[in-house]
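Pasting the structures in now, so scroll down.
One chain, chain A, links the two complexes that follow: it is found with chain B in the first and with chain C in the second.
Moving on, here comes the complex of A and B:
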C-alpha cells in the first residue's frame, strides 16, 4: 500500500510517501515527481518518515531523475528516512548521489 | 457340411404366398369342377379355409418384414405405398369389369372357371392391399408410441389373428357372433385411429400431398369393398365364399376409418400448419445457436444464425446488425433486405427517439431487454432493438424492421430475446475459449523462457581443491533477474560474480541475459575488481532502461595467497565467516549500483578491497530477495538472521549451509507465504 500527498511550502514541494513502494505502485511515485517537475518545481523534498519499505523498482524511480534534475537544476532531497529504509539507499550507493537528510529542517536549510 | 443359404424372410414369404394362392386356386377349381359336373370332389371347405388363413399369414409376413425395414419416419412415403397399392388393386378390378362388360353374354364372359380365377385374383389383390395397409398404418400409429398404444396395437393384432380362425366357428354365415366380433374389432380400430401424432410433423406441402393420397386410399377402399359385396351377392357362381371373412371385413373398416380420420385431421391441420412449422424452426434455430462455436470458426457464423432466426421468428422485413468496435464508432457487419441509405434513415430516426436513446445509454446492460419502437418512416413503421450482451457489456445490437405498425408482439420479443441471449452465450464462450487457448500459448512460451534462462546460469561451478562452492537461484515468477557465475583465470585465480537486476519477471530476465553477456566478455579480460565494475557500468548504461539498474559483487580469488579482491556495485553486502573467531561480518566496501550514473562520474563511486581468508572461512553471497523476504507481520528476514545462521552452522558443508538458510527463509515467510522476489545464494567454504 502506498499513499502519496503533495504539500507546497514555497519554494519547496514536499512529497509525503506513506507505506511501501514496490514494483506495483512505483508508477505513482514516478507520476508525482514528474508532474511536479513539469509544473516547474525547483525544489522537491520527499518526506520518508512514514515510508516503511522501498523495493528496487522504487529506487529506480529516484535514480531515473538524477541526470535530468542535475541538468535542469532541480533539487531532489529525501529526509526523515527510517534507518532500515536508509540502509537500502546506502547499500545501493544512492546516498552518495541524492541528499538524504535526517530532518525536514535540515533539508530546507541546506537548499 | 452342406451350407444352407441364408434364408431371406421377405423372399421366402413372398414365394410361399404365391404357392399358397396357387394351391387355393387349384383346390377351388377342382371343387368348382365337381359342382358343375355334379361330382363330389370330396374336398371339405375347411381345407380352403386353412389355405386362406395361410395366405393371410404369408402376405402379412412378407409385408411386415418388407415395410418395417424400408420405412422410417417418412410419412408421405408410407401413405403413398398404401395409396399406390390401393390404386393398383382398384385398376386390376376395373380391368376385369371392363373385360366382362365387353364380353357381355359371350361364352367366355360366362365361363365359370375364368370367373372363379378372377374371383381369386380379386381376393389376392384385396388381401394384399388390406394387409399392407394395416402394416403401414401400424407405422403411423406407433409413431411416438407409448406403452399403452403398443399394448392396444398388440391386442388388435391378436384379435385379427383370432378373426382369421373365426370362419371355422361361424361357417361363413352372417350371424350375431359375426357382428359381435366385428364390433369388437372396429371398436379397437377406432381406438387406435386416434393416434395421429405424425400429422403435425408434415410440412404444408406434404400435408397437401398426404391429403391426395389419403383420398385415393379412401376411394380404393370403398370401391374394393363395394366390389366385394357385389361378389358376395352373386355367390352362386363361386363354390366357396372367400370374402365374407371377419378378418378382411374388419381390415376394410379399419383401413377406411384410419384413412378418413387422417384425412380430416390433416385437412383441419392445414391452417395451423405454419405455426407449428414456425415453432419447429425456432427450436432448431435455438439448438443451432446453443452449439458452441469451434475455436477456428468465427463469431460471425453465430451472428448469422442469430439474424436468420430472429428474422424468421418475427417475420421481419429487414434487419441489420451493429457491433460496437469502440466507444464511439459502430460497425455494421450484416445487412438483410435493406440498403445503406434506408439503414441510415432508420438509424437517424432511432436516434431521435427518446426511449431508444435512454435504452442505448443504459448503465446496467444486464437490465436491457429488446425494445420495440414505432417510427415514422415511409417504408418501415415498427422496429425492434435487440441488445447483444457479452460479459455484462453490450457488444452490439440487432435491429429488426417491419413494414406494419406495432409488428412485434410479446411472444416474438420473448423468443427473440432468448435467441439473443443464447447467441451472446455462444459468442462469450467462443471468446473465452480463444482467450484460454491464447493463455495456454503464453504459458508455454514462458516455460520455454524459463528453460532458456535456467541455461544461462552455470551448471558447473569452477573451483579447485582450495575451496568448495555451491549455488542456488529461484525466480519469483517464471523468469527472474538474478545471476551468478564463476570463471577460472588461471591455476590459482578464480572470479565469482553475483548480480541482481532491479525488478523481477520478464523485463528483469532480459536484462539479466544482457548482464551475463557483458560479464562474460569482461571477465576474460583479467581486469581488476573496480575496473571490472567501471567497464560493466559503461556497457550496461547503454542497454538498461532508464529506471532499471543492476547490483553486483565481484570476487577475484587467489588461492595461492589465500586472499580475494572484492568490489561491490550496490549489491547487498557479502558475509564472511572467520573460522578463527567463529564470528561472521559483512564486508565493508562502498560502491554504486550499475546503470545509475551513466557517465564518467561512476569511477568515483566504486572501490575495491583485498580481503584475506583462512582455512574454514565461509563466504556467503546472496541477493536482496533473501534479506527482504517478509513474514506475515511484514518483518524482513534481514542481515542478522543470515549472520547468526552461518555462525551456528559454520561446521557444515556449503551445500548444507545453503539448505539451512533457504529452509529457514521459507519457515520465516510461513507455509503458504511466498517470497515475492527472485533470490539467489552462493556459499563458498575455503579448505
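Moving on, here comes the complex of A and C:
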C-alpha cells in the first residue's frame, strides 16, 4: 500500500510517501516526480519519514532522474528515512549519489 | 522447519509475499534490518520472474519455500517456464544504469550483495533459485 501527497512550501515541493514502494506501485512515485518537474519545480524534497519499505523499482525511479535533474538544475533530496530504508540506499551506494538528509530542516537549509 | 507460499504472477502479489516473509522470519535470529534485507532480496528475485519470465501472467505461479536451520536461512524459489539464471546475469555498473536511465538491474545487485550464496538449477522446465543467508555468530 502506497499513498503519495504533494505539499508546496515555496520554493520547495515536498512529496510525502507513506507505505511501501515496490514494482506494483513505483509508477505512482515516477508520475509524481515527473509532474512536478514538468510544472517547473526547482526543489523537490521527498519526505521518507513514513516510507516503510522500498524495493529496486522505487530506487530505480530516483536514479532515473539523477542526470536529467543535474542538467536542468533541479534539486532532488530525500529526508527522514528510517535506518532500515536508508540501509537499502546505502547497500547500492545511492547515498553517495542522491542527497539524503536526516531532517526536513537540513534538507531545506542545504537547498 | 519449512514454510511455503504460492503466489500468482502479478506484481500486487509482492505485498502478500512480504507479509508471509515477515511472519515466517519473525521468530528467526534476524534483526529488523536483516529481516528487511532478506525480504527485499527474495522479493527482487520473484519480481524479476513475475515481470520478465512470466510477463505478469496471473495464471502462472511461483512457489517459495523457506527453510530455517541452525546456521542459515534457505529460500527456494521455484517456477515453470523460461529460465532466468541470475548467476549468468552480468551485474550492471551503477553509472551505466544512471546514464542509460534504466530502471532495472538494481534488483540483481541487491540480491548479490545481501545473500551469502545463490544457486540455480533448471530441470525439465522447472527452475529453482536458492538464496542462502548465513546467520552471523
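A few remarks follow.
Just so it is clear, the second predicted complex is superposed on the first by the 111 of 111 C-alpha atoms of A that agree within 3 Å, B and C clash if a C-alpha of one lies under 4 Å from a C-alpha of the other, contacts with A are read in each partner's own complex, and residues count from 1 in each chain.
In this section, a contact is a pair of C-beta atoms (placed from the backbone, for glycine too) under 8 Å apart; a residue touches a chain by one contact, two chains touch by 3 or more.
Note that the coordinates shown come from a computational prediction; the quantities given were computed from them, not determined experimentally.
In the superposition on chain A, A:106 makes contact with neither chain B nor chain C.
In the superposed model, A:57 makes contact with both chain B and chain C.
With both structures placed on the common chain, the touch criterion links A:97 to chain B and to chain C.
The partner of chain A that touches more of its residues, comparing chain B with chain C, is C. Touch criterion met: A:83 reaches chain C, while chain B stays clear of it.
By the touch criterion stated above, A:1 is placed in contact with chain C alone, chain B being left untouched. Note: residues 23, 53, 55-57, 59-61, 63-64, 66-67, 84, 91-93, 97 of chain A belong to the chain B contact set and to the chain C contact set alike, using the contact criterion stated above. Listing the residues of chain A that touch chain C in their complex gives 1, 20, 22-24, 26, 53, 55-57, 59-61, 63-64, 66-68, 83-85, 87-88, 91-93, 97. Interface residues of chain B, counted against chain A in their complex, comprise 500, 502-504, 546-549, 551, 569-573, 590-593, 596-599, 605, 624, 628, 634, 636, 677. Residues of chain C touching chain A in their complex: 10-12, 14-15, 18, 32-33, 36-37, 39-40, 43-44, 47, 50-51, 94, 97-99, 101-104, 106-107, 109-110, 113-114.
Put simply, chain A touches chain B in their complex at residues 23, 30, 52-53, 55-57, 59-61, 63-64, 66-67, 84, 91-94, 96-97.
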